[in-house]
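The structures come next, written out as structure tokens.
In the two complexes that follow, subunit A is the common piece, with subunit B as its partner first and subunit C second.
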Partner chain A sequence: MFEMHFHNKLVTVGNELSGKLVWYSPDLHLPRQASAFVYWYTEGRGDRDDQTIFTIPLQPEQLIRDQRVDFPFAVTIPHSGPITYNGSLIRVIWAVQAWVKLPRSSKRDHTQTWPFLVMPR
Partner chain B sequence: MSTLTTDQLSDGRLIVPERVPEGFLWVDEKGAWSEDNFLGSFLFALLWCGTSFSFFAVWLFNFLTAPHVGTFLMLLFVGVFAGAGVGMIWKGLRWLKIISTFHPGEVLLASYPLRTGETFRLQFRRPLRRGYIQGLGEITAKWLCYEWVQYRQGTDTETRTHMLWEQDLPLMTISTGTQVVTYETKLTVLPEGPPSFDAKHNQVRWEIHISVDVPGIPQDTTHFRFAVVPEAV
Partner chain C sequence: MTSLRLNPKFALNPYLALGWHANPFALGEPVMAPSLWIDRGWSQAPVPAAQQLVQVLGNKGFGKTAHLRHWQAQTGGVYAYYPPGWGRFKVPPVQTIAYWDEADRIPAPLLLAALGRAARTRATLVVGTHTDLSRLAKFSGLAVQTIRLPPLEATTLRIWTERQIQAVRLPTVPCGVELSSATAHEITAIAQGSWRAAADELHIWAAAIAHQAVREGRDRRHPISQADLSLRRR
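Moving on, here comes the complex of A and B:
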């Protein structure tokens, strides 16, 4: 489905995360819907919080069978963070997530997630 | 590591300080008179106490006139509600005594937001509404950083905290005749400490808790929450 190529997998707040999302699928079932975004979310004891910081523009029509399609992206991580955090009750995780909804006949959605690290300045 | 009790928890709001010529000023709104808050709490307490005290009086009368296990158990049951009403009255009177004695507490910082590893001077003041302190009092303060989470369990909302770091600050004596309680201290944001995190259900909080204890007035603790940005000094 997708491959992710980060230019930098460790980013400090206020700096840019960039990379390339690459589509390739020999599958006959091409997605009806697709989206990809840069976001953070929490794990741990508390209810989940999350926030999308950037949406990578991609349309299902761009996802062609047997053909590699690149979606380069660059996003500035906010100065206020949050940073990647691994505490006792809370974990804050940054990631890029790509999601495709396949045709009804194939009966499945497909989600891929690639974490990266955000550090303080 | 310790956790905070409900009474020790701040209301958790990360308020934006007022910009003043000397720096950044926080005013503790909880210590201020608010007619809306007072009226809401007063009407709730009135309804609660009116109902629970009436039921308690009725079942006390029933028990005294015809004592048996059934009326005793009922008396115990309504007694729990009446006890909660007494607690409400006690808390309300305590709060009235504090806010009628003091103006809200204020904290002043020279620069803001804070950065990890930063050392800064904090000034606290809490003026009396009238008169002066009679007898010796004291101020104690704590500088702390903790994780706070909230989650749903069934129909209840549960809160948990985990202390990451806690520092008792030097105690200061309040002398007789004081009209404005003041406290000054130097604080450091732990260099290896986490920056603040402020989401709806998950937070990392940096706070100072300042307790003013003077004779004749219930001890009152003021909480101030500060933002620590992810940037080292």
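Moving on, here comes the complex of A and C:
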């Protein structure tokens, strides 16, 4: 489905995360819907919180069978963070997620996630 | 950042150092996967349309909501949660089978009206409550079954922990972590019988051994030893 190529997997707040999302699939079932975004979320013993910071522009029509399609992206991580955190009761995780909804006949949705680190200045 | 120097992937996710993809005790879906369910004697859902009230009594964190959700997954029917404050002022739903969580928060006039409606339509109500509602239910014409959930004890906690760990294990990766009996007893004492409080403590326990594994530069070929399993107190 997708591959992710980060230019920098460790970013300080206020700096730019950039990379390239690469589509390739020999699958007969091409997605009906697709999206990709840069976001953070919490995981642990509290209610989950999350926020999307940037949506990578891609349309399902761009995802062509047997053809590599690049989606380069660059996004500035907010000064306010939050920073990546691995605590005892909660984690804050930054990631890029790509999601495709495949045709009903294949009965599949497909989600891929690539985490990266956001550090304080 | 020390852990980053050791291994960048462990900085992204310290639980990989234990062969897990996440902390086993992170909160997840409200309906527990069947493989994680621990039978405590009340796994079978109540019978719908039986003109009855099944009340699940227990202190906070003893597993009332877990039982309601487990049964609802078997029977279907509506589930209504009554929060503190103004949110509790909502008409309780009555169907063939309906689940009301924190039912003791339902204002008395709404509760009485809904119990009466359940009796007239021969519905089954399943409620999680901190106070006994049997007198009101019998007055309304419902048969009453009461389930009093016992506090969590160490043996059950160890079984549950093992299943939670299995659920987050990476395939084909050995895992040498288990909850010792001593630590389980310590956690149940701290939690005072509450699964929720025990899960908080276990989340901290799992985070501590994951961070220790990262700090010591261990990988999954050198599993955590029993000596590492003492409970880390905050």
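The working rule: the second predicted complex is superposed on the first by the 121 of 121 C-alpha atoms of A that agree within 3 Å, B and C clash if a C-alpha of one lies under 4 Å from a C-alpha of the other, contacts with A are read in each partner's own complex, and residues count from 1 in each chain.
Simple rule for what comes next: a contact is a pair of C-beta atoms (placed from the backbone, for glycine too) under 8 Å apart; a residue touches a chain by one contact, two chains touch by 3 or more.
All of these numbers come straight from a predicted model, not from anything done at the bench.
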Partner chain in contact with A:116 - subunit B first, subunit C second, else both or neither: second
Partner chain in contact with A:13 - subunit B first, subunit C second, else both or neither: first
First (subunit B), second (subunit C), both or neither touched by A:26: neither
Interface residues of subunit A shared between complexes with subunit B and subunit C: 44-48, 87-89, 119
Touch list for subunit A against partner subunit C, complex: 9-10, 43-48, 84, 86-89, 91, 93, 115-117, 119
Of subunit B, residues touching subunit A in the complex: 1, 116, 147-152, 160-162, 164, 194-195, 197, 199-204, 229-232
Footprint of subunit A on subunit C - complex, ascending: 1, 4, 8, 11-14, 22-23, 25-27, 199-200, 203-204, 207-208, 211, 234
Residues of subunit A touching subunit B in the complex: 13, 42, 44-49, 51, 79-83, 85, 87-90, 92, 119-121
